Amino acid sequence: MTHSGRISFSLRELARRFGGEIAGDPAFEVRGVASLESAAPDRLAFLANARFLPQLRATRAGAVIVGPAARGATPLPRIVCANPHAYFARVSALFNPPPVARPGVHPSAVVDSSARIAGDAEIGPCAVIEREVDIGAGCVIGAGCFVGEGAVIGAGTRLYPHVTVYRGCVIGERGILHSGVVIGADGFGLALDEGRWVKVPQAGRVVIGNDVEIGANTTVDRGALDDTVIEEGVKLDNQIQVAHNVRIGAHTAIAACTGIAGSAKIGRHCRIGGASGIAGHITIADNVEISTYTLITKSIDRPGTYTGAYAFEPHRDWLRNAAQLRHLAELAQRVRKLEKKSKQPKRSRP
Amino acid sequence: MTHSGRISFSLRELARRFGGEIAGDPAFEVRGVASLESAAPDRLAFLANARFLPQLRATRAGAVIVGPAARGATPLPRIVCANPHAYFARVSALFNPPPVARPGVHPSAVVDSSARIAGDAEIGPCAVIEREVDIGAGCVIGAGCFVGEGAVIGAGTRLYPHVTVYRGCVIGERGILHSGVVIGADGFGLALDEGRWVKVPQAGRVVIGNDVEIGANTTVDRGALDDTVIEEGVKLDNQIQVAHNVRIGAHTAIAACTGIAGSAKIGRHCRIGGASGIAGHITIADNVEISTYTLITKSIDRPGTYTGAYAFEPHRDWLRNAAQLRHLAELAQRVRKLEKKSKQPKRSRP
Amino acid sequence: MTHSGRISFSLRELARRFGGEIAGDPAFEVRGVASLESAAPDRLAFLANARFLPQLRATRAGAVIVGPAARGATPLPRIVCANPHAYFARVSALFNPPPVARPGVHPSAVVDSSARIAGDAEIGPCAVIEREVDIGAGCVIGAGCFVGEGAVIGAGTRLYPHVTVYRGCVIGERGILHSGVVIGADGFGLALDEGRWVKVPQAGRVVIGNDVEIGANTTVDRGALDDTVIEEGVKLDNQIQVAHNVRIGAHTAIAACTGIAGSAKIGRHCRIGGASGIAGHITIADNVEISTYTLITKSIDRPGTYTGAYAFEPHRDWLRNAAQLRHLAELAQRVRKLEKKSKQPKRSRP
């Protein structure tokens, strides 16, 4: 892969590309993007949130992107737009463009003669491409990747080094799979037979839509009979486990270390915090937000934010409080008894 | 590896191989297996559980496997047997047989001349086999695998692409190790010396029994002095961490994302839910079941199911309830006080 | 890599190298190290802790390392020193020395001609080294590793097989990176724009200090704008996730399966238990200890131990107690009411 970006853009050029309104000098030349805190005077920063107004006042950035409410909060040349974060992401991509394929198959790669490799795709050193694989236009298959028999990689998708795609799996267009990702390993399908586990063959595939990004060392298991499905626009962070026959709805984002058990169905536009867990065979509605470290054990049928994490405290306090947790039902019982007693009419005395 | 399965089997043939009793047409030809929901009319499905009786009634499957209790629940040709799930697993393996080794060493593999490779084993492209390694009959070592000096891989074991086996480790027969598995990395052995960490050499091995399956990106560390041991028939899901000197008893199954700390001993026939944790230096009895997301901090000496997960709720409710958790010991104290007071004899009035 | 250790050392030789005082026969020849439980008569074991005095009494070891308090607890030849665990670690390293580089580039490795590889470094089979990479003296780059454009690997650092270092990342001297580690994959930077996720380019690097060890399948993401930083002497166990722009202070040790969210700052000399979580954008002071399975959601500004794990119990008890957790705020309310009532003056009767 090769990386390159242009050296500078004026605010006027940026507004022509991405919209927004310029306040201050439109000829100001931006030579890169940076955070408010660390920006040099030729850099463009952004204000995502009124919380960072002190940083805006202190910044050494030469120009900033702000929302309408912060229009007057700085004398710096600025672009005013509805969504400064997304605007910044697009400007940053001008300066930090994604790597581009260097067409060709590296001589150390092992490519089966029946594989269909687009002429402008890049196959890196020591990559292994099996029979009947289909690699689309402009794909980058990184060093040491493995793509198993009959798998399909859509146009414009990048596999960073050491990605594994098991046979028959399908990945959409413009995807990004980071190193160590494993797509299509066997789901954990076992039948118990007189104390021994009998393996249930995992005959389904993994099918991934367009514009999906998957973080380093995340694993997505193939389905047992039907497929495991990740719909378009889904973003998965690192070290996530997606079990067999899960379906993740379009444009859902899931933070690192989360585990999703078999056959769970997650809606569209959900946001799932890190190290959370989704039990098997449940359904989560669209637009659900799940907090970090939360285990979801039952289906959720309406949008909203759901949480179930234990709040930390100094160890000594935790020892005292956690011990009581084991007597909570009993405590509730005792309170009920006290309430009953307190409601009893006072016995009249003779 | 190469995959192939036969095209069809009659119910009579299946019963001849696997037992069970046929009800309905024994000549019915099954051309594959499927779930009750998605089966086509030439497929065989199964009923694991009375809960799925509605799906049985609605299925388009041509035949089904049922338990004795559901014998009369369908007019379809059927096999009646004691354990429909295990039966189904075996039939499915007829149609979806495990891949078979294609004997030979790929020219791009790097195999030390002192390694002993069985004649019918398959060594995939770009695999690296070091000195004195022993690869048994019928093994498949996938593309890009690494097997370190002196390691032993038992007959019939398959390593999917990108498995790493550090030097000296021993893996039994008929094992399955999925991509990204790392066997025998150093355990986390550190001694603190005036604020600096001194590495404690990890001189033990990992020793794995027969018929063990290990899921993608799971890691099993080598022992510090003695070995880390995984007994026969153990099944580990994806992204599990097994620390140094752990012992996992035979036929135990552990779901994804679980972490097992150093020197923990887990019994035989245990079932451990996903994302659970086992503290170091504790012992878990045989036949223990641990729920998802549960941290086991003390030894468990009797069979049973153990749980410790925080039940989720809408975020607003959680905020109110979790805040009280930090005052639970105090609350218990206050209830005790109320109880005391309520038991006091009423002061008699003059 | 090649491993070798000497065959025996007398206690006198050990004390000359590492200090400590000998009690008993200084000519006793030690032929290896072992645990108290499994030591043979020619082995040296150690007593870390008075808790293991019964094992000391029962040991078959020929000699032991003890602290001053246990000086008289055994008749065996012994070395008395302030820190038996660290002493043992150093002796063990004599018998189990770290592997040493076998200088040279394996013919199957793919090394860009612009890479600078120290003459005594070892580049293993099928490793891929890109443009302008810098590999220091005595480095070992294991089989199948990938080191991206412009990355720097400091002198004496070992990458075990299948480590991935993305472009531009910097790793210090004497580091150890275990198999499956991914350094410098993109952080999870996304901007939401009308229900779609826009990727925020991740233009920072990962910068790792000297003497850092990183366990198998751990991932450290590159920074969004600034760098992700791991300071000297940090020890990370397996399957840890370090998000973009995190900073981990020197000599902090973190156990397996922990997740650290974006921009968290962790102090020096911290100890963080396994499967814990650190929320984004918070700061943890130096010398903080965090228990296993604990989620830290707010900054911690003073040393101490912090805990937040749910204590497990038999499933039936958990069902009853956890159900009450959802009514805890209400329960507290009811107790308040009872208290109020109990404090009311008794209504005087006519």
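Observations, loosely collected:
The chains carry the letters A, B and C, assigned in the order they are written, with residues numbered from 1 in each.
The definition used in the following text is that a contact is a pair of C-beta atoms (placed from the backbone, for glycine too) under 8 Å apart; a residue touches a chain by one contact, two chains touch by 3 or more.
Values in this document were obtained by computation on a predicted structure and should not be read as measured data.
Where the sister copies chain A and chain C meet, the same residue numbers recur on both sides for under half of the interface positions.
Between the two copies, chain A and chain B, the C-alpha superposition involves a rotation of 120 degrees in steps of 5. Rounded to whole angstrom units, the spacing between the C-alpha centres of chain A and chain C is 25. In chain B, the residues that reach two or more other chains under the touch definition are 108, 126, 144, 162, 180, 217, 239, 257, 309-311, 313, 323, 325, 327-328, 331, 335, 338, 342.
Those residues of chain C that touch chain A in the complex are listed here as 108, 110, 126, 128, 144, 146, 148-149, 162, 164, 166-167, 180, 182, 185-186, 188-193, 195-203, 217, 219, 221, 225-226, 239, 241, 243, 257, 259, 261, 275, 277, 279, 290-291, 294-297, 304-311, 313, 317, 320-321, 323-325, 327-328, 331, 334-335, 338, 341-342. Against chain C, in their complex, chain A makes its touches with residues 3, 33-35, 38, 83, 85-86, 88-90, 92-93, 95-98, 106, 108, 124-126, 142-144, 160-162, 176, 178-180, 213, 215-217, 233, 235, 237-239, 251, 253, 255-257, 269, 274-275, 292-293, 309-315, 318-319, 322-323, 325-329, 331-332, 335, 338-339, 342.
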